[in-house]
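Per-chain numbering from 1; labels A, B and C assigned in written order.
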Amino acid sequence: MRITGTFLDEISVDIPHQNWGEKEWDKDFAAMKVMGIDKVILIRCGNKRWMTYPSKVLKEERGCYDPPVDLVKMFLELSEKHGLAFYFGVFDSYEYIPKGEFQKELDINKKIIDEVWSAYGNYSAFKGWYLTHEFSRLNPKAMNVYSTIARHGKEVSGNLPVLISPFIDGRKLGIQNAITPEEHQKDWDEILTELSGAVDIMAFQDGQVDFDELEEFQIINKTLADKHGIQCWTNIESFDRDMPFDFPPIKWEKLLLKLKIAEKAGYEDAITFEFSHFMSPNSCYAQAHGLYKRYCEYFGIDIPEGICK
Amino acid sequence: MRITGTFLDEISVDIPHQNWGEKEWDKDFAAMKVMGIDKVILIRCGNKRWMTYPSKVLKEERGCYDPPVDLVKMFLELSEKHGLAFYFGVFDSYEYIPKGEFQKELDINKKIIDEVWSAYGNYSAFKGWYLTHEFSRLNPKAMNVYSTIARHGKEVSGNLPVLISPFIDGRKLGIQNAITPEEHQKDWDEILTELSGAVDIMAFQDGQVDFDELEEFQIINKTLADKHGIQCWTNIESFDRDMPFDFPPIKWEKLLLKLKIAEKAGYEDAITFEFSHFMSPNSCYAQAHGLYKRYCEYFGIDIPEGICK
Amino acid sequence: MRITGTFLDEISVDIPHQNWGEKEWDKDFAAMKVMGIDKVILIRCGNKRWMTYPSKVLKEERGCYDPPVDLVKMFLELSEKHGLAFYFGVFDSYEYIPKGEFQKELDINKKIIDEVWSAYGNYSAFKGWYLTHEFSRLNPKAMNVYSTIARHGKEVSGNLPVLISPFIDGRKLGIQNAITPEEHQKDWDEILTELSGAVDIMAFQDGQVDFDELEEFQIINKTLADKHGIQCWTNIESFDRDMPFDFPPIKWEKLLLKLKIAEKAGYEDAITFEFSHFMSPNSCYAQAHGLYKRYCEYFGIDIPEGICK
């Protein structure tokens, strides 16, 4: 089992920006390709007042600032150049759903999907949608929003696949009542009933439970995905949750262990959050350079001249 | 509007030291010069028991340790070599003013100013004083100390300019009652009445308020500076306050936005806290290398061979 | 006084892993050698479910995961190649002693010592044991465990030396009642009475007290060590405890100050926690590259081509 996809987190909530320009991204896409990555997923199209492309919708409705560069265009062009598939991450207001304003979250996302498909739908690399909302427990009204957003994306785009990347409400989040495997199974059976037909791929984040609990949860996820006819990928976190600051790249041993657990559980594919900070030979974190080398070494991947520093 | 000055934070409170020697600093001054920086401001001359030059005053009165290198001398010499102006940052005990021992804070600073001017006043690069005390709200007794320190600096040095870099008591500090624009205006009208004639330049830190509040505060500051006959610069923070650890370099998009706001508000000059960690091609943080490149790209500055790694 | 030893913290509790392979470690051992390091100390052989070598004991009793590489073998081979002495760090469950299950901590460590000596005792670089448990105050039952583990190590190995690296319960730990010099002296007089004959070398960590308190504590430690016939080394922390995140490399000035204090107190040797992250020209933290250069500069050590980046 290998990692074949990565999120692009250049519009970040909690990971420092690397301040890369097109030249640096080009180099990084080349490094991804060497490692076997064939798809990139834009984590979100906007955050607070920042946006990834000059969106009229986000500017008018959320007061967003004009971005200095159109990242969506740049990532699509680089995807075409390097032969990668691009998934577009929609918008999470972090505001409407907590306030119970479900219709607003739905409406702005429909407009964004229309705007984006109209502007970028002709790029051959545009291969899917990513439902950027991260959730873990059953919230029926929110699930209905999510499935409606997902269906809208599929409708306008000739049925392009929709990916979600939920999380397990596990003990490593520091919460008081971490979810039990039984509760998780129950919630997600209902959630997938709602999402089935709207969402094509489910890629659970793998870092919120302890390493020795992961296998049990991964098996539950795979069983449920099979039952509901959804593809089951893993989203291997390549950052380390066990360190005193958030976040350095993960230890290779931990990444490998999680990869083996997903393989054992029969997962169909693996993506990571995320390559450019935590696994890349171009990362600002030198620990990531090591991780890239260890990964390539393990899988017998030759690293061409010029990829590593 | 461009950044033409930077603090030197080699005697740091909360930014890890880079452990540079003269060769590394020489290289960094060269990189500053390329970017258009023409002045450097020593953030403070001493902190706790550490000091930037072998000060008898600080050793005797504060029990400071002999420094392994005379940073003031080194920075002055490098300033002369690279054609930069040097501002000397005075001493904040972080102790006397909170305890109400105003006279002590004043006395030690007068002695330091005398000592420093006597030792380094002949350097042609010695072009000004920096009042290192950072404040935000009206404290009349403290303001009197500050203006007296400032006047003493001007007196001994043939009226060299005095710079302050205060902060807005804004919501990004995590305080309960962030200051309103009205309160800020009222406080600073009184503060500048006291400081007028003693302080020549005011360069507010620009990171303690939200990006969408900044313009309003910047306009207030500029209006007050004009009213009181003080030059109004901006101190653009080049570190990011929105990340889970303190502090990585800022995203280029944020820096650019803040630069444009200051330009729109009619500011006369821009300095940054600070180049060597957060914007430099030599920084320990690789995100800073990107920031330097983006900045130079944006302003059409050619980076000579050997400046970037 | 120079630093002649370092911990190896590749199985870390709170320092991010660098993801080095054998080639990178080989290069780092070469850099150590240049700086004057002649011994390396494996900080611990296992942590949680991670282990440094394929230990049957740890796998069966603690459910540890098979490691992707045998670090003990690799470090021993690199130690022989570079002419360094290797100290093996035993196991701290972080569980049995807090629970009062003293016998369990003792039993697992005896088994590990037997297993390790049988597997690696023939390496000529295997020169000592490190009692990985870090403690500061008197706990008679725990001390008895420690001395018994230490004696067992000595017995199976033909009396190889045992090193401990305790800490002072000082104010920089943020605790309410930091220990006084008097209490520290009293506790450690009793502790060393228990450990005498079992432990050969005591290397106190030097970062938990303020810089201006360090000399007093260091003198106490040296006096007690002499009284009880134990060698007294210092464990100079090369990371900085004064910064807002845990941990960057320390400022050279601070390291030098601590080295001078240990020298003045008559310490016999100095080791550091630890070279590879905080002092190495290969570290992921570029501040460490500076620290290495400053250290070598200060002691007039020529750095051969290829050691620094």
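For this structure, a couple of remarks:
We take it that contacts are C-beta pairs under 8 Å (C-beta built on N, C-alpha and C of every residue); 3 or more make two chains touch, one makes a residue touch a chain.
Since this is a predicted model, take the numbers as computed values, not measurements.
Counting every residue number used by either copy at the chain B-chain C contact, under half are found in both chains. Rounded to a multiple of 5, the Cα-based rotation taking chain A onto chain B is 120 degrees.
Chain C has its Cα centroid 40 Å from the Cα centroid of chain B.
Residue positions of chain C with contacts to 2 or more other chains are 245. Those residues of chain B lying in contact with chain A across their complex are 211-212, 240, 243-245, 248-253, 256-257, 285-291, 293-294, 297-298.
Those residues of chain B that touch chain C in the shared complex are 14-21, 24, 49-50, 63, 65, 67-68, 245-247, 283-284.
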